[in-house]
Amino acid sequence: MSRLDKYLRTEVFPSPFCAGCGHGILMGAILRAIDELSASGRLDFSKMVFVSGIGCGAWIPSPHFKGDTLHTLHGRPIAYATGVKLARPELKVVVISGDGDLAAIGGNHLIHAARRNLPITTICANNNIYGMTGGQVSPTSPENSLTETTPLGNKEKPFDLCQLVKACGGEYAARWTVFHIKPLIRSIARALTIEGFSFLDVVSPCVTQFGRRNDLPTIYDFFLAIKEKTLSYEKAKGMKEEEKRGKIIIGEYD
Amino acid sequence: MRTPLSGFSDNCGREMPERIKRSILEPKRYFLSGNIACAEGALAAGCRFYAGYPITPSSEIMEHMAKRLPEVGGVFIQMEDEIGSISACIGASWAGAKAMTATSGPGFSLMLEGIGYALMTETPCVIVDVQRQGPATGQATRPGQGDIMQARWGAHGDYRIIALSPWSVQEMYDLTISAFNLSEKYRVPVILLSDEVVAHLKESILIPEEIKLFDRKKDKGLPPFGNDLVPPMPTFGEEANLLVTGSTHNEWGIRKVQDPDVSEKLVVRLCEKIEKNKKEIVRFETFFTDDCEICLISFGITARSAAYAVSLLRQEGIKAGLFRPITIWPFPEEDLKEITTSAKKILVCEMNRGQIIEEVKKILCNKEVFGLFKTRGEAIYPWEIIEKIK
Amino acid sequence: MDYVRDKEVIKMEGFKVLIRKEWCKGCFLCLQICPKKVFTRGEGKVPEVKDQDKCSGCLLCELLCPDLAITVEGRCPRE
Amino acid sequence: MIEIKIIGKGGQGIVLVGEVLAHASVLEGSYASAIAGYGSQARGGEVSCDVIIAQREILAPFVMKPDYLLCLSFDTYQKNRSLITEKTKVFLNTENQEEEEGHFLIPASGIAQKVCQNPQVANMVMLGAFTALTKIVSLDSIMVALSERMKGKILEGNIRALKEGYQRMARDGCPEARRKI
Amino acid sequence: MRTPLSGFSDNCGREMPERIKRSILEPKRYFLSGNIACAEGALAAGCRFYAGYPITPSSEIMEHMAKRLPEVGGVFIQMEDEIGSISACIGASWAGAKAMTATSGPGFSLMLEGIGYALMTETPCVIVDVQRQGPATGQATRPGQGDIMQARWGAHGDYRIIALSPWSVQEMYDLTISAFNLSEKYRVPVILLSDEVVAHLKESILIPEEIKLFDRKKDKGLPPFGNDLVPPMPTFGEEANLLVTGSTHNEWGIRKVQDPDVSEKLVVRLCEKIEKNKKEIVRFETFFTDDCEICLISFGITARSAAYAVSLLRQEGIKAGLFRPITIWPFPEEDLKEITTSAKKILVCEMNRGQIIEEVKKILCNKEVFGLFKTRGEAIYPWEIIEKIK
Amino acid sequence: MSRLDKYLRTEVFPSPFCAGCGHGILMGAILRAIDELSASGRLDFSKMVFVSGIGCGAWIPSPHFKGDTLHTLHGRPIAYATGVKLARPELKVVVISGDGDLAAIGGNHLIHAARRNLPITTICANNNIYGMTGGQVSPTSPENSLTETTPLGNKEKPFDLCQLVKACGGEYAARWTVFHIKPLIRSIARALTIEGFSFLDVVSPCVTQFGRRNDLPTIYDFFLAIKEKTLSYEKAKGMKEEEKRGKIIIGEYD
Amino acid sequence: MIEIKIIGKGGQGIVLVGEVLAHASVLEGSYASAIAGYGSQARGGEVSCDVIIAQREILAPFVMKPDYLLCLSFDTYQKNRSLITEKTKVFLNTENQEEEEGHFLIPASGIAQKVCQNPQVANMVMLGAFTALTKIVSLDSIMVALSERMKGKILEGNIRALKEGYQRMARDGCPEARRKI
Amino acid sequence: MDYVRDKEVIKMEGFKVLIRKEWCKGCFLCLQICPKKVFTRGEGKVPEVKDQDKCSGCLLCELLCPDLAITVEGRCPRE
């Protein structure tokens, strides 16, 4: 029925995500970008491999995508993807996983893949928290946010993952929220056609674990809040650290 | 494959031949180190992917692969660490390559989670552990045999694994090939448990004209994670819509993490595919065991000292014999029992503080089992064994 | 399908908004964000399409539905 | 089975001698093993190489009772006297040590220094002399084995020293040797 | 410390009291989950440093520590991974803190290299492994007892370790305190091998008025890595000029990686400090074993089903008994032998495919030893045991 | 005899480093910076803890420094240091280790410590190679350099570790070669007085493993070559990627 | 020893009932355990809670033969009939189910919906009714246990439902119950 | 000691350059970099101090010696 059914194992739906989980929106965005590229013959879904780690975000491709999926260990999808890509360079390898997976335990593989400019696309389903394990702080949790392991608010600064990837030499890095759906799809499509390492940091609301603790109980609350929090990369360039604090910088990094 | 030592009866013929292939190296006698022989064995077995991280005393394997793989159209990558290395190997294996990594104790410890994943996803790959003296960083350049039990039990959860113990440069070549064959045949990571002595020892080695190779079944359409004991394993990019996961899964790879039946079925099958094929897998060698009164049990470099000790003891009229497991895991339990019927005493020699002896005690619990252990970062020498016996 | 290049979309009448109820989890984002107020809360746990005629075919509901449960038919493909 | 042990200090090329010797005998159809050993001090510590040459597969590659003991340094020789049994033939790199009954005293360092202008190649002089005196392997095999390990100038220098050691002994016999093989 | 179950004879009194401390929590009965009890036990034992990484089913321990540690002046940090967590704990321990981390199988596998380092450097710290069903990611929310052998053999090289198995919420509290005491006393990492059931089970628990604590000896001037079996351990920043290394080292911590004697001495001492103190360390509990004909052996949550099964079987006149090791490592070998003299049959019940049974077979090799294994991600229930016996 | 003897376990000298190893120069530089701060009462050597990993660089403090040293596992010194520092905040914790240790296997701990702005000083003894294990490529090996595992030249791009640390939020990052000895000492002293995470990337020649393979057989060859290769941070700022390629950027990053 | 099993579907607050019940009895000096069980489907799957209350330490915390079976949903009740033994007293959340011999039919959902305007609190109505009918623990203890788990409006709503269930049964007896305790 | 603030150094005559021979490994960096050519290769494996008088007290040799084997005495401390 849906336009995306051809890419889906429809039998496993509805997805296991909570009602209003942003990861579902991202799932759609990824498939739409693929659909668009396929339509113009720039991509062949059957020659794609989707690699993910452990976490809610890692469930986006596995088992939902009706293609080759490799659901690996927590933190390791990029390392597995490295093996897949090097052994079969003709395959398009896409890593889809959470912020905890890619930036906490998996941070080393991320920076090394970026340094090598490994020709894979990595999509971080970034909900600023550990969703699956019950809402602990992640390295992208905003300062002062409440989580299960920061009962008094997060005192650490979050990563700017796009900046990190660029600093390592990654070819392409961009950030969008799932609500910036059209630029997001466009950006994913661009990332998928890049020759080197391409990275997308996609802010994706976790209503259950992040929202519940931070006064954002529904996806619509995020929708309203995030609009105010975003700042375009171009604008942010000229701004001071202080001004950018707590803001979500969206756009393609250079 | 190997020239059997005279005086030895061995059961090496149990290999499952499938494909006969000409060697890559010109067939003749060479003088090589164990590590180089291992790398060449891998190439001969069809290994075309190596991901690794340097560590003494295994690094020469990696360095040789770095040089040789591009020559044969393979891929070499030095990863950021050992976790990355085993991960990349598993990824490459699903992409259709025969993949290998080599390391030593510290790196092996780091690889355990990944090895567990390979076990759960039934991914063929070969891991070489060139053992050095531990624990921790220990004596990095000196030999040990302290990772024997780790190879069996090191990853969390339940599984059965295959581990081989080469005792010569020749076997570094031969058993590396066997490791790939077993790995492909049973869809299981296979561990080559070498040690610093065998790795750095240089010896004459015969590269044979032909070797026997086994390649994984790649059939599409059948469930890749059931119902056969060893299901077929299609490759990425070939429209098999593979679902590979380290979570508990059904025969199609669909995650089923709340279903007791699925879990039981999977874990039991993972164990049984090794247990039920044990007879096929197990290999060992015996030396003067027919009438022995004292039977030595040893493996790897230590077994060579033991064999020599036996030959000297025999000269003195002492009825000594040697049982050498070649597959450390699964351990040749039944064979050991059978072969040691005449023996009254059992001496287990190992470069650790007692690991295989635990297994032996269980199997031969009515015999007097004692051990010669050494954790000095030196091989156990023949004269030390002789002294212990006398 | 071209999901993003809005300008190329040929405006049509009579969009059909379909909800796959078995997939919908009732987050009500569609209802909250539809610029044309096409959805209503309905009786059950999932929204219902009320004013289909008002639909402008903007696709927002389809693109943002976290459960891939909405299809807007009649949206003109690029080619 | 021939058991040979080569001992000396770090930097003297002990392991090279052992490996070349073993390799050469493999080239001639024998079984052979060579295994390096390093003593306690990393810096200037003792280095040894156990070589076994046999006509069938070798059991333990460790030298128990050496048939031949090659000593590149007098210090290590003194520390390792316990290795010497009645059957052991000792080759000592020395010129002016006190005579030891039944030892071959090879002035390897002297020759390396004076004839080859390179004290580094004393090991090759020693190997050449050993080859000439024992004839366990041929000089040709030694040279082939050597040429698989190095090339260019370094190879030339090593071969020169090797030949020097070999020819001296082949020509003159071993003047310092107190016993013939 | 615990209220002994009536009908049970236990040897829990073997603890080494040193310092009597008032409880932190008001002494009374609570209704808590195992994980919370574990965290409170740690606080009571003086733990003031926690570094961890979330993982089901252990996360509540961490979350409780995140809340409670700042309240008692301690430090909590969520690290970037489990490797970082164990590393930070070891660092904190040398800085003088009692440190803990908690995890489950996958994280435990990642910690093994670090645990090996703690063993080698004799660093006290407590690692909680709340076991779930493996291998690999397995059934993340469901119980298992599949890391038993991993706790013993998971790190490379040779060592001996202490691992405790709590069977109740009360013991999650009590044995966490014991774990710290044993860790401080023997300068060894201690593993609390819990499981998902005990961790999430909620029960009545009695917080006692006082608890007994042991703190490491901190004497300066004596060699911190010799000559005593358990040498004193000074703290950083107190002018002890500490040399801590995971390489083979002499009694002052100087690296000696080429010296066979130093290696032998160190590795032997690391093993002997546990082996020679085994009598002091080992704990177990028995239930109707005096005259039992069939002796069950079980631990953790499974032992509770076994105990209940025994009580029901006894009602039917079947002479069943239960031996429950509380210290899984070292395993109460001698005690088991002694206690099972009357038993003809031995039934080992465990939530895995046979791990402790390997140990039991070695010890009781003349008895009929059989196993009830379950890897369904469910507890073994009393009725399953009864059925197996009948 | 030497001015630094009071900080040294003189009985373990000479050091185990090869003749002409840059790590020895760095060892001196670190102690001189400490000496200078101690002289002015700004530092107390007995309240310092030196944490290192595994590698030649990791041997700089252990066992040479007559103070508290923690010689940890390969890649992990920063994680151990995190525990030491948090448990005893009054101690000054300094990590000294190699490029392989800190940037390859240990990369994740590095970026997370920088993100947390953990108040420790990290000194990378960067010889652009794995010295201890026999000369394999490291993530800082220059492009095309010959190593034991890149027999045809290194095809990967190296990290700019200072840029990486800054991108993560680290407070202070600077790079010098051991030959820039005076600014190096000054910079170490500055790093030691910084409140947040301070990082020094110190280019230190490995004659044996890097030099031998890359036509730089002695330390003096490095001395001559490095002088030409360095570029000040200020100058580099305005330059294009191409121009900076293969250059060593020295100075304090901002 | 009293064995109680509470069953129902995900989202019905099954585990809360069990834990509060067990906790309340601990407050009254008993030993008690509560353990949750989750069925195969994550979504809307079966949830259960085993509660054991005893006067000495509890061996296995698993309910083998429930003395009381509380069923929050009829579906799960039907699937779990095998749990029922002669001694089992069944409390069924239902209004218009066919009569079952010897069961207590508690209109918990109905009361929650109609009286409390909140279908979510049917579990509390059930718990209240159970408390009133069995008197295993006092309502006060239940309320203390409950108040350690929630606060504010939510607590109030729960307590209201609890009392509603309790008082109905205490006052009217259980009209739907076919058997007295 | 102030190793780096050159300007504050009071120029002195008669520096004394000492090599701790047991620590020196003979890399000869000192010899190669000394601006005043104070060192000579000598007989053994380690350098020797030849023209001590020429020494300017620049400390380069001391600071760059990879084996902490050189001390230049007479260099004036800051305070």
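The letters A, B, C, D, E, F, G and H name the chains in turn, as written, and every chain counts its residues from 1.
Going forward, a contact is a pair of C-beta atoms (placed from the backbone, for glycine too) under 8 Å apart; a residue touches a chain by one contact, two chains touch by 3 or more.
Remember, it's a predicted structure, so these values are computed and weren't measured experimentally.
Participant: For chain B and chain C, what is the smallest step count along a path of chains that touch one another?
Facilitator: Graph distance in the chain contact network comes out at 2.
Participant: Specify the chain most distant from chain C by Cα centroid.
Facilitator: Centroid comparison gives D as the farthest chain from chain C.
Participant: Taking each chain's centre as its mean C-alpha position, how far apart are chain E and chain H in Å?
Facilitator: Spacing between the chain centres: roughly 58 Å.
Participant: Please compute the C-alpha centroid of chain B, do the same for chain E, then give the distance between them in whole Å.
Facilitator: Between these chains, centre-to-centre, one finds 31 Å.
Participant: If you average the CA atoms of chain D and of chain H, how far apart do the two points sit, in angstrom?
Facilitator: 43
Participant: Just how far, in Å, is the C-alpha centre of chain F from the one of chain B?
Facilitator: Averaging C-alpha atoms per chain gives centres 39 Å apart.
Participant: Which residues does chain C have that touch at least 2 chains other than itself?
Facilitator: Nothing qualifies.
Participant: Which residue numbers or ranges of chain B touch two or more of the other chains?
Facilitator: Each of 80-81, 83, 106, 113, 117, 136-137, 141, 245-247, 258 in chain B touches at least two other chains.
Participant: Touching at least two other chains at once: which residues of chain G meet that condition?
Facilitator: If we look for residues of chain G contacting two or more partner chains, we find 38, 42.
Participant: Along chain D, where are the residues that touch chain B in the complex?
Facilitator: Listed in rising order, the residues are 19, 22-23, 26-27, 29-36, 38, 56-62, 64, 145.
Participant: Quick one: in the complex, what on chain F touches chain H?
Facilitator: Touching chain H: residues 1-4, 8, 13-15, 17-25, 27-29, 32, 35-36, 39, 178-179, 181-183, 185-186, 207, 218-220, 223 of chain F.
Participant: Touching residues of chain A toward chain F in the complex: what are they?
Facilitator: Its residues touching chain F are 104-108, 111-112, 115-117, 139, 156-160, 163-164, 166-169.
Participant: Taking the complex as given, what residues does chain B use to touch chain G?
Facilitator: Against chain G, chain B makes touches at 258-259.
Participant: Which of the residues in chain C come into contact with chain A in the complex?
Facilitator: Those in contact with chain A are residues 1-4, 6, 18, 20, 22-29, 32-33, 60, 63-69, 71, 78-79.
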